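Order as written gives the chain letters A, B, C and D; numbering starts at 1 within each chain.
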């Protein structure tokens, strides 16, 4: 789950960090009031779950409350990388002396958190990494010890030669790590981390992705979820514990397991079709999940045929069969359904489905080919 | 004909009284795995009833289970909030091979659990993995026993059900397996492709290896490089997610493509450049393996 | 630094533990009011920095507020192992079903914290350990990981066979460890940890010793110090950064280093004298510390002679010499002073002292023998 | 004729610009120790002026110091709040021998720092210790150089200044030392009596060992048992604190007697029962060593 800048910034502040604290506004008028409350020139920043908002015109300076209102009016409702802007953050304009980058993420290879800094901040850090890898300094954080004081000092020393700034930088870096851990994040970033005119190190932006697996124990972060920004189908899928991604094709796919689901989508394409979605009902599925999955898929008007490709392991085929029978009896299916089931409790499942009048495909290739043909019929 | 485990491996099941744990404990026992006990805190002293009149004692802690039964391997089916501790508990008690089936464990929990297991000298398979089956020897985890058969092919996969699909085709075509290992889809697997390739290379009987990868990360690229440098038997690969749109998370934490890193195209290229023949469909794995073995 | 029960209990509560929360009273009337506020029967407990208060009559049940007042009247002012009781804790009387012990301390051999439990609680745990070591169950806490959930469960399983109690016990044990770490403690103990009539696991007593070296970063615990309970000399020594223990002899000792100070005391006894104190001026001593040390020693009317035994390493002899000159010129010495100084900057020191008219002993044995003779003269 | 360090040991000083650090860095350089650099965060790039026209570069971090100078040992003189991290920083940078002079480090900090040093393969001497001097070779720490002289006696002590007293008497009596090691008075020393005894036993030149202990803990008892089982040269002991009242903390964390454990009487008995002759006064150590060497 991604946090908005203002939310990530709040987590940073909770860890003691100096941030560019502002006020969230959802209307131009609220932005005007916020600017008035703050006083002096402000910056109006689009709150969206994507990068590159600056280039897209989503960040604007405003010298007065009236200008803040106009800027917010222009930004609210704009689309950045396909996402509509519904909120802006109005924050005091900082006097910027230098811009750096600081970030932390879980590194697969090192199997631990890795903290990174670069004196080249305020720009796309992936471009910096590609152009000049030596400009990015990293330390691995041993999970048994956490970020150690000398590691934070080392990183800060790569950003600032001035002793007082290096001390502030080390503090900000340690606070970034604390916020990362306390928020159950998989990534946290400050870009740019600036030195302002007063010689203070300030986080001018804030980005954070939360590990969804942490949310069960972090209700205060779960509460930050902006359900209004989600597609209804995604919201419904999440509530049902399904992994779902909406795509643009006509073949609805219901599969157990992410790898098999992706391989099924690839096969839909192989046979000349286009998948309507990625949907993984997960392991250990109950009939309820299957019912929810069918409801979500059938809500999509583009779907012309639906396929089930289930290989039972921890998932039991009879649970899936019960779900199919229950869902179709309840909602009434308007598009054709082709089913492939094999593995754990396969025989039981076939009995249940045969009794309800369903037919089976013989293999994964068979079920995909049939679904593609039905969707294009 | 096995890696990591065999019929003499003494296995305990953590979470044996739960819905999944009890079901799969029975499946493992039915397959012939030497299940010597189970652990569920607060249920120590009971007896777990297995298939065909067999049974296993239940303990409150892994330490008690290990000292009473001499177990050296464990399979974990406990909820995600408790699973990282379950791994550490097993490693702490001296278990040397820990299969963690549980999905949804926080990644930061796993950074600690993996470090702990390394400190204690235990190998972790998973988390979020289907486990391992050595046909005719033992299965630890949830891979359906009936789809596998003994034979010369070693299979390693990041996926669960896609593994079954591949094994199913191989067995149907008469191509049995030395071992089928699902390393799991989490970003931090305890056992890597390379770990499994090393084990296959060392077992002396695996005649061909199948690697099933998916988008995200660089595990397949590292495996491909290892194959070129060290593997003396032929290798066949498959990559799921060729049609996945970039930047979208596909089902589990492992399967995410950010920008250009970790795409199916990149992985396919790494396989092919290092001598790993790549199947277009799961079913095509069979013909590639058959051709490889014939050479 | 030792905490009182009510202070340690507060730290336990901050970690989430269920405790026998009460009200502190310094007068019988305050105890009566506390009992009235609590309602029902109460227990009145002496607050002292020592064990064995129960045997000494420092813990009494009271059925009514009037009885609580009388009990407090009897306990306040009593002496337990040489310590005067100045406060009582008035707490609700618990209905006790069973009593256990739980504790944690830093173990020298294991070089880490060790947690211990015993189903035999409410009695002297050292007696239990001596009589039946098997009745005490221990786990080592790896400092890289902290107390792990399965370790807390293991310990709780040694106390309670009932599943619900074991779960509560594991929680209390984990909270004890948290309180220990967060308080910078070297020891924390609950004796007894009881199960009450409602089936709740409750910490009925609370004991905690804080590592003095942690206090600089724990101002909220430093604030718990009961300066009123300290001897003035001890308070003065602590403020000056000196290690000081008052003893009953006539030879005042001022030494650098704990080992040398103890060896000097041993030598005083060897030559037939009795040391008046243990006093270590520490390493890297400034003249100020020496001034404070002399002030403290000379306040003791039993002191008949004072010796300095200084072996300069990190301590510089000239700093000590300056301190002696300054102190004696300021306070005026009424007892004889013998000095032995050697090591770092010895020559400088001797010049300073010779100029001020002091004489030197030639060795440790010499300085001690002279001081003993002067004290008994 | 040395243990742990010698004239070729390349030493850095952490906290070299502080009051104590700079004073003792100069003392070490004057003694002949190969001081190759110093570390003070924020003061990197300066030059530390030593005695006799010698100097050493100052770095911001230990890592920079080690890569620029090839240092393999470090002496720490930083305030207690930062000292545990200084130990970890040294170990992290690959320093193999770390002397921590700093007194007053929180014990829980030290549990982590010791574990870290073990993980990285570094030996820690201290904290709260005077360090080590190998006469004629090198000194790391604060032991005054002029009191020691080369010779056949190995000395190990929990105390600081009491060590000097003993060394002073030995040298005055013509009994030089292979090495004098102060292991420090903290409850969790990184290097124990036994570690030092092992080093003396292995160096091939130490002809007698002196052990100076004090009340509190069981380190002397363990050392005595080791002497009986393994030490082939004679050993002499001294215990400070015979007159200390029980239950009172005497100056540093190590010197506390609780109940009957760790009393001087107990330790003296352990020494005598295991063949370690015990001196009544510090000055008596000399005659006992002389007698031992003569046998």
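Keep in mind that, in the parts below, a contact is a pair of C-beta atoms (placed from the backbone, for glycine too) under 8 Å apart; a residue touches a chain by one contact, two chains touch by 3 or more.
What you see is a predicted model, and the numbers here were worked out from it, not measured in a lab.
In terms of the stated touch criterion, the partners common to chain A and chain C are B, D, listed by label. Chain pair with the larger contact count among B-C and A-B is A-B, by C-beta pairs in contact.
The centroid of the Cα atoms in chain A and the matching centroid in chain D are 55 Å apart. Per-chain Cα centroids separate chain C from chain D by 28 Å. Residue numbers of chain A whose C-beta contacts span two or more other chains: 144-145. Annotation for chain D: residues touching 2 or more other chains are 112, 115-116, 119. Taken chain by chain, the contacts fit none of the simple shapes, being neither an open path, a ring, a star, nor a full set of pairwise contacts. Chain pairs that touch one another: A-B, A-C, A-D, B-C, C-D.
Against chain D, the residues of chain C that register as touching in their complex are 106, 108-109, 111-113, 126, 142-144, 181, 184, 186, 211, 213-214, 216-217, 243, 245, 247, 255-263, 265-270, 275, 278, 280, 282-284, 310-315, 342-344, 363-365. Those residues of chain C that touch chain A in the shared complex are 144-145.
Contact residues of chain C toward chain B in the complex are 144-145, 148-151, 153-154, 157, 163, 166-167.
Of all residues in chain B, only 41-44, 60-63, 82, 85-86, 88-89, 92, 112, 115-116, 119 touch chain C in the complex they form. Within the complex formed with chain C, the residues of chain D that make contact are 19-20, 24, 80-81, 101, 103-108, 111-112, 114-116, 119, 130, 142-144, 147, 157-165, 168, 185, 187-188, 212, 214-215, 217-219, 238, 240-245, 248-255, 259, 280-283.
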